[in-house]
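For reference, the structure is listed below as C-alpha cells.
Chain lettering (A, B and C) follows the sequence in which the chains are written, and residue indices restart at 1 in each chain.
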Amino acid sequence: MNGNGKMELPGLKEDVFNSLLEPELLQKCMMGCKKLEKIGENKYAADLSVGIAAVKGKYEATIQLEDVEFPNHYKIIVHGEGKPGFVNAEGVIDLSDLENEETLLEYTYTAEVGGKVASIGQRMLGGVAKLIISDFFKKAKKELQRREKTD
Amino acid sequence: MKPATFDYYRPDSVVEALQLLEEYGDEGKLLAGGQSFIPILNMRMSEPESLIDINHLKELDYIKEEDGYLKIGAVTRQSKLEKSPLVKKLVPILVEATSFIGHIQTRNRGTVGGSVVHADPSAELPLTLLTLDAKVTIKSMDEEREANLRDFFITYLTTEIMPSELLTEIQIPLQHMSNGYAFEEFSRRHGDFALVAVACLLDVDEVGTVTSGRLAVGGIDAVPVLAEDAMDLLIGKKLSESLLQTVGEKVVEDAEPDDDLHASKEYRLNLAKVLIKRAIQKAYGRAVKRGDSL
Amino acid sequence: MQHQQIGKALKRVEDPRLTSGEGTYIDDLNPIGNIHHVAILRSHHAHANIKEIRTEKAEKMKGVKGVVVGKDIAELTKPFPVGVSNPVKYYSLAINKVRFVGEPVAVVVAENRYLAEDAMDQIEVDYEPLPAVVDIEEAMAHDAPILHEEIGTNIANQRFFDYGKTEEAFEEADVVISHKFKFPKYSATPVETYGVIANYQESEGQYTVWSNFHGPFTLQSVMAAALNVSSNQLRLIVPKDVGGSYGIKSGVFPYIVLMSIVSRKIGVPVKWIEDRQEHLLASSSGTDRVTWIEAAVKNDGTVTALKMKMADNVGGYIRAPEPACLYRTHSNSTGAYRIPNLQMETIAVMTNKCPTGLIRGYGGQQLYFPLERMMQMIARKLNLDPAEVLNKNLIRKDEFPFETASGGIYDSGNYEKALKTALETVKYEEFKEKRQKAREEGKYLGIGLACIVEPSGSNMGYVTIALTPEERAKSLPKSGCAEGATVSIDPMGGIKVRISTVPTGQGHETVSAQIVAEVLGVKPETIKVIAEMDTATSPWSVASGSYSSRFGPIGSSAVFQAAQKVRTKLLRIAEHQLKVPIQNLKISNGKVVVQGHEEKQLSLKRLIGTAHWNPQDLPEGMEPGIHESAFYTVSTAKSPREDDTVNGSVTHGFVADAVTVEVDAETGNVKILDYVTVHDAGKLLNPLIVDGQILGGLAHGLGGAMYEELVYDKNGQLLSGSFMDYLCPTATEMPEITIKHQETLSPVTPLGAKGLGEGNTMSAPVVIANAVSDALQPLGITIDDLPLSPNKIWNKIQESKKNITALKEELT
C-alpha cells in the first residue's frame, strides 16, 4: 500500500520540525500509543494499539528516524509486530514555508502488512492504512495548535 | 479460531442494557445478530472485555407506521424487514435492498440496527437508509438524542455513536416518498459483500421529466456516498444515455477507492457508473409505471 | 452380463446416518482418555530466519501442559523422504527458518483450544525477515532469493522428455502456434478440515493416530520414516466418515507426524482440529503453473507435434507425493488426440507459498488449460470451426487400446460419439446463429468446447518418472496399483466387507454392497461394509486410499474379486453337498440352485453354517470359516521403461464439454447459459452416485474457472485467507447442467468400470475459458489465465478497445 497527503501546520518550519521529532508528541499522536521510550539515537520503542472501531490489535513497534535533514526532510520507519501480524511502514516527510508563519507538510508513505490482518482484512486495509496515517498528522496538527494557544 | 476470554451479559430490558453500557461500554461491545461480529471475535481481530448481548430486547423488535414515519426497532431481524407487507407497501426499496444482504440464513439473525452501527462500507442498509434520509434514535443512561444518517457514518466501521450509547430506532420519513426506486448491486457471488451498490429514489411527472431524485453509492469510499449535486443534474430533464453518463461521472468524480483483490480502483469506478445508470433507469421505469397506475 | 445390483441407482447407505447427525467424523471421536488440545503458532513471515523462540510466558499460563518447538522436532524426527534426487529438508515444524506464511513454528498443548490459543498469543518469536519470492519465473531466475541453501536452487526437480520425431514434425509443419499460459493456485476446501488425535505410548514405543487421512498409503512409509520407527509402530486409524477431501487431506501427513511428536514430548494424547484460517493458509493446494506450449499443425487442422514446458509451483517445500503434480498426466499429455510427437520439459519450482499436494484433477486442469485453449487457437488461426479441429484429431474408436507418445495406454473409448452427443445436446449449429445475431446487437455470446481424457487409477510407478532412468535403476522399481478387500461371512450368515479405499464421501460402502450383493445373489441391505481404515488390521498396500478416482476401476475390482472367492467357496461347498459339478450351479436369491433342476437347491445359510458349525463336512482340503481377501492390481500398470514411456493410469475415461456463455461487456461479468457434459467412464456402478460426483467435480472446476484463487502478495502474504475472499462457488453459482453418459466398457477391469469424479474439475476451467474467448472474439481478446473474474475480463475489454482505437488512429 502506498499514498500521500499534505497538511498545513501552525508555526515556523524549524519549530514544526523539532516538535514532530519530540517523543512526547510522537506518543500523543501515534494511534493507541501507551508507551514510548528512546532506545537509541533517533530510535524509539513503543506499544501501539492500532485498528478501526472494535477491530484493534496490540503491536510492539520500533520507530526509527532516518535521513534527518533539519529543517526540511526526514524519514520515519515503523516496524510493528503483534498477534494480528506485523506492519512495516515508511513515511517521508517534507516541510516547506507558508505565509502566516505556517508550514506545509507533505508526506508519502509505503506500508506492508503481514499475518492475519493481511489475510483477512484485505478488503479495507488500504483505506484503513490511509486513515491511520492521516490520523497521525491530524493529531499532530491539533497538538501544535494547542501548543500555539498555550504559548 | 477461538475467541479470547470475555465477560458475558444479557440484559432483558433497554434500561438494563444502558446501565451495562455505562459501566462496561468502553472496553465492551454490543452483540446483536453477530453475523459480522462473531467471526471478528473468533478470529481474535477484536478482544473486548465484555459482550453485552441485546438479542433479548424484545421491546426493540418492531416495525410500525407512526407520525408520518416508518419506525423500525434496532433489534428487528433483517428477514422480518424483508418479509414485511408494511415495508413492501410503504418503502419497497428497503425490501429490495435487504434481499441482497448475505443469505437467508444470515438475515434470520442479522439485525437492522446492527447493520447500521457496524457501518461496513459496502453494506446495503446504511446505504439505503441514507438515501431515504433516515434518522436514528440513540439512547444512553443520561440522554436520548436523534441523529440524521447523513452525519452518522464517519469512516470504515465507525459511526458517531459513543461507547455508552445504544441505537434503539430507525425512522424513515414517509412524506414525499418517491414513486420510483431501485437498488442495484454487483458482487462476485450471490450474498457476497457488494463491490458496488446503488440505491436510487426518483420522481417523474406526467410527461416523463424527473422532478426529484436521491441516490447514494456504497463501496467507493469508507462510507456510503450521497450524490446530491449529481442528482440535481437530472431535475427537469428526461433520461438520455449522455445525461446518465454525466451524472455517473459527477457522482464518482471525487471518489478514490483503493485497489483490492476483487476490484481495481478503475474497475470499481466503472462499476459505479454502470450501476448508477442502471439504477436510475430502473427507478425511472418504476416511477413512470406507478404514475400511470395512479 | 445382466446385472441386478451393479449399475442400479441405489440410494446411498451412508446418507441416513449423515443426514441425521449420526455420522462419526474425527471431531466426534474420543477414543482415549486425557485428551488435550493444541493450538499451532504459525509464521506470519513468508521467508525468515528464526533467531529465537521464547515460550516461558506461554508455558506458565492457565491449563497449559507444554510447548513444542523446532528443536524438539529436529531431535525426534527425520526430514520427510520425497521422490526427487535432490531433496530438501522438510520437517513438520520449522526448525531454523520459515519458508511460507502459516508454516508451523510452535505447538501449545492445553486443556482446551481456547486456553491453548491464549497461551499461543504469549509465545515470542524473533524473526529475521528475508526477501520472499512467489512468482514461478522469478523463482527460477539467477538472482532469486533461495529458499533452501543446502541445494542452492529453487528448482526441486527438472526433466526433459522427447518422444517420436518432434523437431522433424515442427520443421514440416504448415503452421506453428505458440503461447504462454498461466494457471492459478487453488485448493479443495472440504467442509471438514484436517483433524488429528495422536497418542504415543512410551511403554510400547508405539504411535497411534486417528486422522481423516485417506492415502495414498505410500505416505504411511513417509510418516514412519520421519518418525524413525518401523512401519508397524505407527498405527493409523481413519473414521468411516470424512467430510470431503477431494485429495486435499492427503496433505495432513506432516501434521500426523507433528502431533505424534507433541504427544510424545508432552506425555499426553493430543487432539488438533484445524480451523478454516489454518486450512486456507497451510494445509495443501493444487499447484500454480506456467506453460509454454507450441503446436505443429497442418493446414487441415491436424496437430502433428506438441512441445510443452511446464513449471509448477510446489510451494515452500517439495513434499511427497510431489512432483507427481507434473507427472500424473504424463501419459495423457497429448489428451484425446492422435499426436505422435511430443517434447516436454517439466520443472518443479519452490517459492514462499504453502506446499502443495493431491487435489481433485491433480495436474489435469493444469494440462488441459493450455492444450484445449491451443486447440481453439489453432481453429481460429486456420479459420476452421473448433469442433472440426477437435474431430480431426480425436483418436478413433477403432484405434483402441491406444498407446500415446509418452506411453499411456488408453484402454477403450468412443470419443467422436461423445463429442457428437455434446454438440447435438448444446444445439451447436443453432447457437452459432444466436451468437451471430447477438454480435449484431452488440452483445457477446460464446460457446466453448473441450475434449479431455480422464485418467483414473494411478499406477504407482508413474511418480518415478521424476527421476532419470539412471536414477531409477538405483532402487526398487515401482509399479502397480494394488488394492485389497476382504469379504467374510460370520457364523450366523452376516456378510461383511472390509475395504481400504478410505472413502471421503464417494459412497464406497454403497457400491461395495452392490457388488457383493450381485456376486453372492443377496440383497445389498444385508451387507455390512466396514469403511474405517486401520493400518493394523485393514487389508492394505502402498496404493490404498482414495485418490485418482481409483475406487471405480481398482477398489471395486478388489471387492469384486474377494466376493468371487467367497462365491467360489460357497459353490464348492454346494458342489460337495449336492454332488453336482460347479459349472451347473448358480446363486440367486440367497440360494444355490442346480441349473435346469431348480428343486435341487441349498440355502446360502446352510452352506455358511457348514463352513462354521460343521467344518468336518467341508470338501477335502477346504479351510473352515468364510473369510476371503483379494488384492488386485492391473497388469498395464508397469514401471516406466528406459525410454521414459509409462502408463500412468490403468483406465482412461473421456469427457466432452460444451458450454455457452454471455459476457456483459459493461461489467465483465460472465454468465454461463448452458453447461453440457458428456461422460464415458465405462460401466457405471451406481448412476446416482455417478451424477453426484460429476456435479461436485463440475462445481470445483467452476471454482477454478471463475472464483477460486489463493492470492499471495509479492511478500508471500496470503490475501485470500478467509471465505470472504477465497470464493468457492455455492449453489447459486451453479449453471444449468445437462449430463449425458455413454458406457464404453474397459477391457482391463472385471466390471468394465473406469474412475470418474475428476473429469469436470479438469475440463471446466478450460471449457469456460474457451467459451469466454469465443464470446469476445470480435474484440480480439486472448484468454490465457484464470480465474475469469469480472475485473480481469473488463480489463481485457478495455485494453482491446484501446488497441482498436489506436489501430484505427494509425490507419486514418
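The rule is short, and it goes like this: a contact is a pair of C-beta atoms (placed from the backbone, for glycine too) under 8 Å apart; a residue touches a chain by one contact, two chains touch by 3 or more.
For reference, the UniProt names are A = Carbon monoxide dehydrogenase subunit G; C = 2-furoyl-CoA dehydrogenase large subunit.
As the structure is a prediction and not an experimental result, all values here were calculated from the model.
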Discussion item. Suppose every chain is reduced to the average of its Cα atoms; which one is closest to the average of all protein Cα atoms?
Written reply: C
Worksheet item: Comparing A-C against A-B, which pair counts more contacting C-beta pairs?
Response: A-B
Discussion item. Among all chains, whose Cα centre is located farthest from the one for chain B?
Written reply: C
Practice prompt. Return the distance between the CA-based centres of chain B and chain C, expressed in whole Å.
Written response: 44
Discussion item. How many angstrom lie between the centres of chain A and chain B, each centre taken as the mean Cα position?
Written reply: 33
Worksheet, complete the sentence: Between the Cα centroids of chain A and chain C the separation in whole angstrom comes to 50
Practice prompt. Pull out every residue in chain C that's touching 2 or more other chains.
Written response: 121, 277, 719-720, 722, 724-725
Worksheet item: Residues of chain B that touch two or more other chains: which are they?
Response: 43-44, 193, 261
Worksheet item: At which residue positions does chain A touch at least two other chains?
Response: 83, 116, 120, 122-123
Practice prompt. Quick one: which bits of chain B touch chain C in the complex? Just the residue numbers, please.
Written response: 1-5, 39, 43-44, 186, 188-193, 261-264, 266-267, 270-271, 274
Practice prompt. Sort out for me which residues of chain A touch chain C in the complex.
Written response: 83, 85-86, 112-116, 118-120, 122-123
Worksheet, complete the sentence: Within the complex, chain A is touched by chain C residues 44-46, 101, 121, 277, 280-281, 713, 715, 717-722, 724-725
Discussion item. Applying the document's contact rule, which stretches of chain A touch chain B when the two form their complex?
Written reply: 1, 51-57, 83-84, 116-117, 120-128, 130-131
Practice prompt. Could you pull out which chain C residues touch chain B in their complex?
Written response: 113-114, 117-118, 121, 275-277, 666-669, 707, 711, 719-720, 722, 724-725, 727, 729-730, 732-733, 789-791, 794-795, 798
